[in-house]
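In what comes next, chain A is part of two complexes: it sits with chain B in the first one and with chain C in the second one.
Right after this comes the complex of A and B.
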């Protein structure tokens, strides 16, 4: 079975979601539940950063959830930033054109400074 | 002249997403061992297989059933994958699936919702052939194929040797 480990680090208005493992049909809903709960709590002008360095796989439903997170975060006048994706993970975002909508960064520092 | 003999591997998988990480690992290893696909395309095909199996499990099957996955590789030529399900109680037709995924492919990403990207993007864009048909005994059969160095296919201007596209 795929495993997913999610850690959320809150620093004032910057919320970093550290994702380790695989997001597939057996894990993605649990992940989404935690992110939706986080989005509920954020104030305007916040940043939600996904640290993707430890994410080794994501499926199409994860891409769908990401667009929904983006819409909800934007509605709260805040930003979603995707940091440090592995090549195969970035490839999927590129395929559907989300790299043109959601900002990506190579480092966490870059994401925090956006 | 006789063609190369394909390697055919068939797997029966219980209709439970629990087993999908094993199929993904298997797909990566099989592609590495039986084709010259680049790492990037091995990952892409891993995603294709995952999406096809998830669709078959989630929309095409009852609980405690199984799906059949067939991998057919011809060295330096192609890889073909077929996923067959037995259908749910309320049978979905292949023509409805095709219509739906083509509609999804036209929608704006931010308005598409959570689902609808598997067939419309990952499977459709990362394979050279996609065929969805009704099985005689019920259920759906999806066949995809990716060519490697087929003379009928023209290489795109890319450093990736597997990024080839049908020219019509």
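Right after this comes the complex of A and C.
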């Protein structure tokens, strides 16, 4: 069973979700629940940053959730940014074409300045 | 000699026309097709050979005629039943013999069949060659131009359709590993046992399907139904088969090229590839074919020889096309 550690850091209108571990069938719903709860609370013109440095793998359901998060965040006139993904994780996002709609950054600072 | 050349040329003409219709307009692999056709001409010899050999055997050694007592027993009940049994036997044996051309060629040169269409075309050529040989023999026997004309249009088309159906199912069996991965990720239960079963079932289905259709077609000439219904049924069988063959040949799925070696190693991690199959499978089941097509296309840019991605791409493309029609 995979382990996941999710930490949410709220700084005014910037909300950073730090993800460590793997997102698979056993952890993805817990993760999604936390992110949906966060999206409920954000104001317009906010930024939701996923810090992916510690994420080693995500399954297809997580990819589907990410698309849904993006749609919900956009509906709230806010931004979703994916920061510091590992190469294999970036590959997955690229393959489903999410890199064409969601911005990726190499550092957290870059993400915060977007 | 001249007496044989004229019927041969006359029978060759429709074979060339049918072959051109199905093969030349689609690609230019003429040399291979020509060789398959020549090789497949031997099937008429094999079919006649075993019939003549049996006739010769039983005329010299009557004790070997094991069929006669069975025949007499059945004839006591129904002559039609005996006719149906012999027609079934001849139709099925013809189909199996024609199929062996595709099978032997594939076993000798697996790289010749890398698409479902290749397999289908080999079957089609085997049917064409067999029918060509049959037409020559019928014409030599009867000298009837009318019979030659009818056989060239209807029976020849029938032979192509029946033998290409077997060959298509053989192609499905050949590429069963990749097809079953696709099935697994689109919600079907797949196990190692079921893959082996799938492989055998496809070959059996192909043989049964073509034998049954061929038998029904031949039977229609042995019975008299009201308002020439039997003729209508036989024409319908050929027409339906012809349409089905055209549809299969125009499908992207049938054209996709499979890599037939296990030596190939992809560049992406298998875990990522499996995640992509899962993602595409989920969207395929949700009928989001555009997403599947685009994801498969991106995956193929990274892994150009991935057969499963090719199936996802082709299947979703065909679905998108059928939705827009």
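In the analysis below, the second predicted complex is superposed on the first by the 114 of 114 C-alpha atoms of A that agree within 3 Å, B and C clash if a C-alpha of one lies under 4 Å from a C-alpha of the other, contacts with A are read in each partner's own complex, and residues count from 1 in each chain.
In this section, a residue touches a chain if its C-beta (ideal position, glycine included) is under 8 Å from a C-beta of that chain, and two chains touch if they have at least 3 such contacts.
All values derive from a computational prediction rather than experimental measurement.
Peer 1: Putting chain B and chain C onto chain A via the overlay, clash or fit?
Peer 2: Clash - chain B and chain C, as placed by superposing on chain A, overlap.
Peer 1: Is the number of chain A residues in contact higher for chain B or for chain C?
Peer 2: Tallying touched residues of chain A, the top partner is B.
Peer 1: Just chain B (first), just chain C (second), both, or neither: which does A:22 touch?
Peer 2: First partner only.
Peer 1: Of the partners chain B and chain C, which touch A:57 in the superposed model: first, second, both, neither?
Peer 2: A:57 contacts both chain B and chain C.
Peer 1: State whether A:98 touches chain B only (first), chain C only (second), both chains, or neither.
Peer 2: Touch status of A:98: first partner only.
Peer 1: Would you check which partner chain A:65 touches, where first means chain B only, second means chain C only, and both and neither mean what they say?
Peer 2: First partner only, chain B.
Peer 1: Could you tell me which of 6-14, 78-86 or 186-194 in chain C overlaps chain B after superposing the two complexes on chain A?
Peer 2: Residues of chain C that run into chain B: 186-194.
Peer 1: Under the contact rule defined above, give the chain A residues that sit at the interface with chain B and also at the interface with chain C.
Peer 2: The answer is residues 57, 59-61, 63-64, 88, 91-92, 95-97 of chain A.
Peer 1: Which chain B residues qualify as touching chain A in the complex?
Peer 2: On the chain B side, the touching residues are 17-21, 24, 40, 43-44, 46-47, 50-51, 54, 57-58, 109-110, 112-118, 121-122, 125-126.
Peer 1: In the complex of these two chains, what residues of chain C are touching chain A?
Peer 2: Residues in contact with chain A: 268-269, 271-272, 275-276, 278-279, 282, 291, 294-295, 298-299, 302.
Peer 1: Can you name the residues of chain A that touch chain C in the complex?
Peer 2: 57-61, 63-64, 88, 91-92, 94-97
Peer 1: Within their complex, state which residues of chain A touch chain B.
Peer 2: Touching chain B from chain A are residues 1-2, 22, 24-26, 57, 59-61, 63-65, 67-68, 70-71, 87-88, 91-92, 95-98, 101.
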